Each structure stands twice: as structure tokens, then as C-alpha cells.
Amino acid sequence: MNALLDVANVSKFFGGVHALDNVGLNVPTGSIVGLIGPNGAGKTTFFNVITGLYPAESGQFQFNGKNYLPHSIAQVTQAGIARTFQNIRLFGAMTALENVMVGCHCRSHTGVFGAVMRSKRVQREERDIREKSFALLHYVGLGEFADHTAINLSYGHQRRLEIARALATDPLLLALDEPAAGMNATEKLDLRELLLKIRGDGKTILLIEHDVSLVMGICDSLTVLDYGKTIAVGSPREVRNNPEVIRAYLGNG
Amino acid sequence: MANGFLIVLNFISQRRMVLLLAILSLLILPWCIGAAGGNYWVRVLDFALLYVVLALGLNVVVGFAGLLDLGFIAFYALGAYTFALLASPHLTQSFAAIAALFPAGLHSPIWLACLIGALLAATFGIILGVPTLKLRGDYLAIVTLGFGEIIRIFLNNLDRPINLTNGPKGIRAIDSIELFGISFAKSLDLGFIQVPALYLIFYLFLFLACLATVICMRLQNSRIGRAWVAIREDEVAAQAMGINTRNMKLLAFAIGASFAGVAGVLFAGFQGFVSPESFTLWESIVVLAMVVLGGIGHIPGVILGAILLAIFPEVLRGVVQPIQHALFGQVIIDAEILRQLIYGLALILIMLYRPKGIWQKRGASTS
Amino acid sequence: METFLQQLVNGLVLGSIYALIALGYTMVYGVLGIINFAHGEVLMIGALVSLTLIQGMMMLTPFLPGWLILVLVLPITMAVCAALSYTIERVAYRPLRNAPRLAPLISAIGMSVLLQTIAMMVWSRDPLMYPQLLPSLPIQLFNSAVTITGKELIIIAVAFLVMCALLLLVERTRLGRAMRATAEQTQIAALMGVNPNRVISITFMLGGALAGLAGVMIATNYGNANFYMGFIPGLKAFTAAVLGGIGNIRGAMLGGLLLGLIESLGAGYIGDLTGGVLGSNYQDIFAFIVLIMVLVLRPSGLLGERVSDRA
């Protein structure tokens, strides 16, 4: 399989601290790749660099066969990488449906004149956006909550809504930052099903996650970070038995 | 005949009936007010409609994109001076070259001035927006305030070395509004009725206000409107949706400014005279108060807020002074001061007790 | 060269006043993270209150020399302004601490309008004459190249002394430490036994007192006072605070002085610089241009923003 995302030599300094030291990642098309490591290892920092939230100070970035420089979040999304956030960042005052409709923004074209004139073409695009958003809500299991205000949804539902919204941008790669955080066991099972379904429908997934069983269960490969450095890359079984990884999680001695 | 009427009524749904009644009452409104209170109050109504357009414009900037613009009135000023320069004797009197080019004087048609005014205001909106977009809310407010002041200072001082704006004296003898051959400065003789000029202006401004409302509502329920609300809610998340937040904010500035620009052109044509005094920070605050009162982002609320706050001081003027005369024999607090007092209190009290405006929007979409 | 020195001195006078006002903005921003939009009106009320007090004393105790009246009136004025500033915080800001960011700003705008209106009611709209209680005789310096009046010298001296006193307060006293702690990390300071509400109130009161002093200085310097006099100096002082690095006390002082100099030199030379197109009547624009340039090019100001990011 070809690499959809191939990133190498990413370093990042914050003040004097080496938050990332030559970290790389390879995500083959159609796979689910996990990025794991103890707290503070730099996983979210890495995410933020490859999605353009933090400026990249170094590194080579290849996505979908082309070089890319992640200098702005919007541009990265337009290129086909959609992400969710560790602390859910929904548009609280909007309904679930409207949240997903915002996700359709970068794949639609109506501008100011179109919005004001409301030509047939524009009306059709609006209908399409609406239908697509409804469909996505159903896809993640939130169909009946379409008219609920996002901020009133349960935690687990909010996380799923974020995924639906990210899917609305028609990404090639879905980058999820701790999608299972705060979920109970049932919700995690549902999430696992959803992620497998998404992968089954042709998307590639990159996942930061702390829940070891979830990650071991669905990831095709794992990259482990500790103190900003890559300490292991491989299949879940290889990584699970890697002494460096065990040491990182459990400490020395 | 009665049967036919009843049949028609059956076909018109209740909603349409309400709409029809609303339209009819608006059409006869100037006549009612004119009969009840005289021309003075029709004039007040005309200005109220201009304020509605202004408030809707500021609502796009503050309510839809969440950017507090305290210098908004500068765009109104730009529109007004555009028409003042393009349709008055000022330029031809001050510059021989222009007088030579336009021997019959400068009398731009108002629709052209509206176009130029809107474009000019939008351009300045973008000029203002570009350096300030990265700024946080309160900094943005102060910078826009400064911008408004800069425009006013230039308008006040550009009578030397070349007399562009005639400085504090302002520009007079501006052409009145004329559209489709109808002059809006004289009454219109329709044969069976005479429509006074002020009523004609009312219909024109009403049309403009309705147009502005339709544009705002269409924008709100569109891809653009959703993007604006997203930016207001969480800019980073909006960017993660692929939205170019910078361009969207500039768009909001430009559109809001263009509303004010067009309103300014009509203001100049209506009043016949412009001066920098009409475009102070206080006026920006007045429009802001209208948006705040109505509920930031809530279109019907903003329209209501504009009308209430435009009419209210006039009511005050008519009521307060006689009362004070009756009670105290003299005027202790004049209406102008009372008006400012109430605006100040209103802004504070609304923020403290009803931050979503006096007419709250039901449902979720915009806060 | 003479123009340069003269404008330098003018700039110093202006700058000292701006610095005093800017301190109020910067201290409040440090502890609350907001811009006190109504700060300029405190200065205005200070000037007008002092005017009334002076007029009262001149009537009741006409035998007292002018400067003594001023000395007696000043602390009362500053106390009144401190109380006013305290009230503004309690009414317009404290209840809105958890509201969306625009809310306290809009509330402050309302407060600003309210204060101006009250001033209009009490003192009328017209500019009022401010008694000249300080020596106005010009003193020649530098071989008559520069003229400075006694009152201008006093303004500079008093401002300088007050700023030193403030620095001592902030850096050497317990209260000052509490203020700095609250500015850096409010919650942790609270855990250490600092009462943030009290610190915030005191910060506002200090800023208010300084604004009152500045108001008296402005009125003394220009000879008049009216309800609108706080707006432009307030705006310029805010610019000065940003220029120096908002949240940074030395920054406010530096920014104030610098802005005064920029404005003075700018007004003095603008005619030459623009070939007569723009004159000194554009003086007010300099502050706005500085503001925009600082915010665009170096938003942390000269001495850097010393507050945690609240975004």
C-alpha cells in the first residue's frame, strides 16, 4: 500500500524545550494508524504541526503523493486532512446539523452574490449540503439529534458529532485526537465500530489515543512517542512487547 | 362580488394574510402619522429607516462575524461625502479644472453614487480589516474607534491646502434624490392623490430597508452565514473546517461597510447638507446600541432596536420638556442629555441583565 | 534645532501626563485582562471635581495662596477618582467576569457615555475656565532656545515623583507583590492567600487616583475643562500603554513619554515633512497611527506583554 501521509524529521521547540525531536510518521492508505505514548510525549503537538496549527520548524511532509507545507489549518483541511480536537471544539450555539453543514463549507462554492441571489444552482447546493449533513449524522448514529443544540448533547454524542463534522470536509485522512477520551465502555465499543466502518468506506485514519485496548484492537500499526522522540514503530503485537515502550509507560525499575 | 372576495380570501393562507396586512399598513403609515403628528414625525420615520439599514450593516460585522467595530459611522460618512462631492456645486466651485470638465455642474445620478459609495466604503472596510483582523476583541474595538476618528479628523481638516471636504463648514446644496424621473424633493401628483416628498422618501427608504433585510436574511441562511457564526463561535475550529477565516472576516467588514455607504449616500441626498459633526463616535455608539438592544445577530431584533432607538429620543423631546415645564417651570434636563443618559444606561443594563437583547431569538442558531 | 528642543520639552510634558493615565490602563489589564474603556472619563471627572473644589475654596478661603489650594484639593480629587474607578469596576465589570468578551467592553462604553452625560448635567456642556494656580511665567532654558513655564516643570516633576512612588509600591511592598501575583496567575495567587477581588479593586482605585491627578494636570496645563476632555487623552494613553507593552508598568511609563515625544515632534515637523499639505491640526492622528503600527508590527509592545494568554 502506498503511504497517504509520510512525515519525517519533524522537530519543534517551545522555549528551550524540545517538544518534538525528529519525529516521523507513515500512514499507508486505507489503514488505521495509532499514535500513542505517555502524557506529555508530544502526540498532540505533532498533530498540531502536521495540521498547521503550529508552525513547522523543520521536517518533510508528503500527503497524497505531493509535498505539502502545513502552514495553515484551513489549507490542510482543503488538501484532505480533517482533524478533531482533544478538547471538543464544536460550535456550541449551532445545532448538530448546522455543525456538520459548516463542515461542508470547503467543498461548496456559493459566495456572497450566490447567497443573495439564491439562484437555482445555489438552492440545489444548499439542499445537497443539507442532505449530505443529514446522511453523515445518520452515519455516525446521531440522526435523531439533528435539531439539538450541540452544547446540549451528551459527551459521547459530541465526540461523534465532531467526527461527522470532520467527515463532511471529504477528507482522505481523518486525524482524531483522543476520540475515546471520557467515554464509557459501551460508547467505546460504538466508537470502535464507527472507526472500522469509516475505514471500510475507504478513509484512512490517524488516531491519538490512550485507551490501550481500543488502540491494540483496531490499529494496523502504531508509533510510540516518549519525551518528543519516536521510541517504537510497528504492529500492535510488536509494540506491546517492546521493552522501550513498556519502560516508557511504566517507568524504570 | 362579495362571493368572489371570499373565494380569494380562502386561497390566501394565514401567513400570507399577515404579510399582506403588514404591507398595507406600511403603505398607509406615512399618511396616518402625517395626519396625527405632522411632517416632523414622518421625517423622524424616514431617518429611522436609514438607521435600520445602518444597524443591519453593523449587525453583519458585530453580530455575524463577532467583530466589534466602534468606527462604523466612518463608512456612513464616506457614503455621504461621496454623494456630496458628486452632486453639489462644491467641487466645481473649488477646482477650476473640474468646473471646466463639467460646465453644467456635477449632478451624478443617485444610483451611480450609491454604487460608488458602496464600493468606496467596502474598500475602506477592507483597508481597516487587513491589519486589524488578528487583533483580539477589545483591541479591535479601539483600533476601529481610532479609524473612525481619523476619518472624521480628515473630513474636518481637508479644506487646506486643497479644499476637498470644506472642513467643518461641511458641504451644502447637495442635489436632492431623483430616480426614474421622479424628484423626491417635491410632492408627486398621481392625479387622484398628491404624495408629499417626505412620504416618497419614506417609500424609498422603506424599500432600501427591506432590501437590506432580505440580503441579511439570505446571507444568514447560507454557507457564508454559517461560516461567520462558526468563526464567532470558535475560530480555530472554523479554520479546521477549511474556512478561510481571514477572508470571511474581511467580507463581513466590506458588506457591513457597504450598507453604511449606501445609507450615507441617501442621507446626503435627503438632508441636502453634510458636515463632519454628523459622524462622531457618538453616532457609532448609537448604532451599536441599536444592535445590542435588538440582540446581536438577531435580524428582527436589530430592526426593532433601530426603530425604537431612533424614535425614542424624539418622543422624549416631545414629552419630557413640557413635563419639566409643568413641574419645575423650566427645563432642568434637556432632551438631548436625557437621550444620552438613557443610551448609556441601556448599554450597561442590557449587558448586565438581558445580554441577548430585548427580543430574544428562540432556538439555537445565533446567540 | 530650537524647534527640536522646544518640541522635546513639550513632548515631555505631554508624555508625563500620558504616562500617568497609561498606568491605569496597564495595571487593570494586568489583573483583569480587559481594557477599561471608561478610564478616560475618570480623568475628566477628576478635572471637573477639582475645579468645583477650587472654586469653593477660593470663595471660602480666599486668603490661601493658589498653590496651597491646589495642594489641598488634589488629594481629595484623587480620592474621589479612586472611588469612582472602584464603582465602575463593581458595576460594569465584576458582574460580567464570565460573560463573553464583548460584554464588559460594551458595558464600559455605556459607562463612559453615562459619565459624560452626568458631567454634562452637573457642569454644563460648555468648556469651563480652570484657574491658573501655578506660576505660568515662562522660564528660558538652553540659551533661550526653549521656553518652559513653571507649571509645566511642576507637572513633569510631580508625575516623575508619583511614578517612582508607584514603582516602589509595586516592587517593594506586599500589596505590590499581591498585584503582580494576581496579574500573572490569578488562581494560584488566590491559593496563596491573596484575595483577587480586593487586589482588583485596589488596582482600579490606584489607576483612578492617577487619572484624577492627570486630569488636574491637563486642566491646569490648558486652562479649561469640559465633559469631553477625557476621551482623546484616554485613547492616546491607551495607545501609550500598548506601545510600552500592555500589562507592563515600566512599559506604560516608557510608552507614555515616548508617545508624548512622538506627538510633539510630529506636530512640530509635520508641516515640513509633508510640504505643507498636513498641518499640526492633524496632531491627534499620530497616536492612532502609532497604535495601528504597534498592534500590527509588534503587538507585545516595546517591553513585552507580561500577562498569561487569556484567549
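Labels for the chains are A, B and C, by order of writing; each one numbers its residues from 1.
By our rule, contacts are C-beta pairs under 8 Å (C-beta built on N, C-alpha and C of every residue); 3 or more make two chains touch, one makes a residue touch a chain.
If you're wondering where the values come from, they're calculated on a predicted model, not measured in any experiment.
Trainee: What is the set of chains touching both chain A and chain B?
Mentor: none
Trainee: Compute per-chain Cα centres, compare each with the mean of all protein Cα atoms, and return the closest chain.
Mentor: B
Trainee: Find the chain most remote from chain C, comparing centres computed as mean CA coordinates.
Mentor: A
Trainee: Roughly how far is chain A from chain B, going centre to centre by Cα mean, in whole Å?
Mentor: Chain centres of chain A and chain B, defined by C-alpha means, are spaced 44 Å apart.
Trainee: Rounded to a whole Å, what is the gap between the Cα centroids of chain B and chain C?
Mentor: Whole-Å distance between the two chain centres: 35.
Trainee: Between chain A and chain C, what is the separation of their C-alpha centroids in Å?
Mentor: Spacing between the chain centres: roughly 50 Å.
Trainee: Spell out the residues on chain B that touch chain A in their complex, using ranges where they run on.
Mentor: It comes out as residues 215, 218-219, 222-227, 229-230, 233-234, 236-245, 251, 255, 364-367.
Trainee: If you look only at chain B, which of its residues touch chain C in the complex?
Mentor: 62, 66, 68, 70, 131-132, 134-139, 141-143, 145-147, 149-150, 153, 157, 160-161, 281-282, 285, 288, 292, 296, 333, 337, 340-341, 343-349, 351-352, 355
Trainee: For chain A, which residues count as touching chain B in their complex?
Mentor: 51, 53, 72-74, 77-78, 82-83, 85, 89-95, 98, 101-108, 110-112, 114-116, 118, 122, 125-126, 129, 149, 165-166, 168-169
Trainee: Using the touch definition up top, name the residues of chain C that touch chain B in the complex.
Mentor: Contact set of chain C toward chain B: 34-35, 37, 91-92, 95-96, 99-107, 109-118, 120-121, 231, 235, 238, 242, 276-277, 279, 281-282, 284-285, 287-289, 291-292, 295-296, 299, 311.
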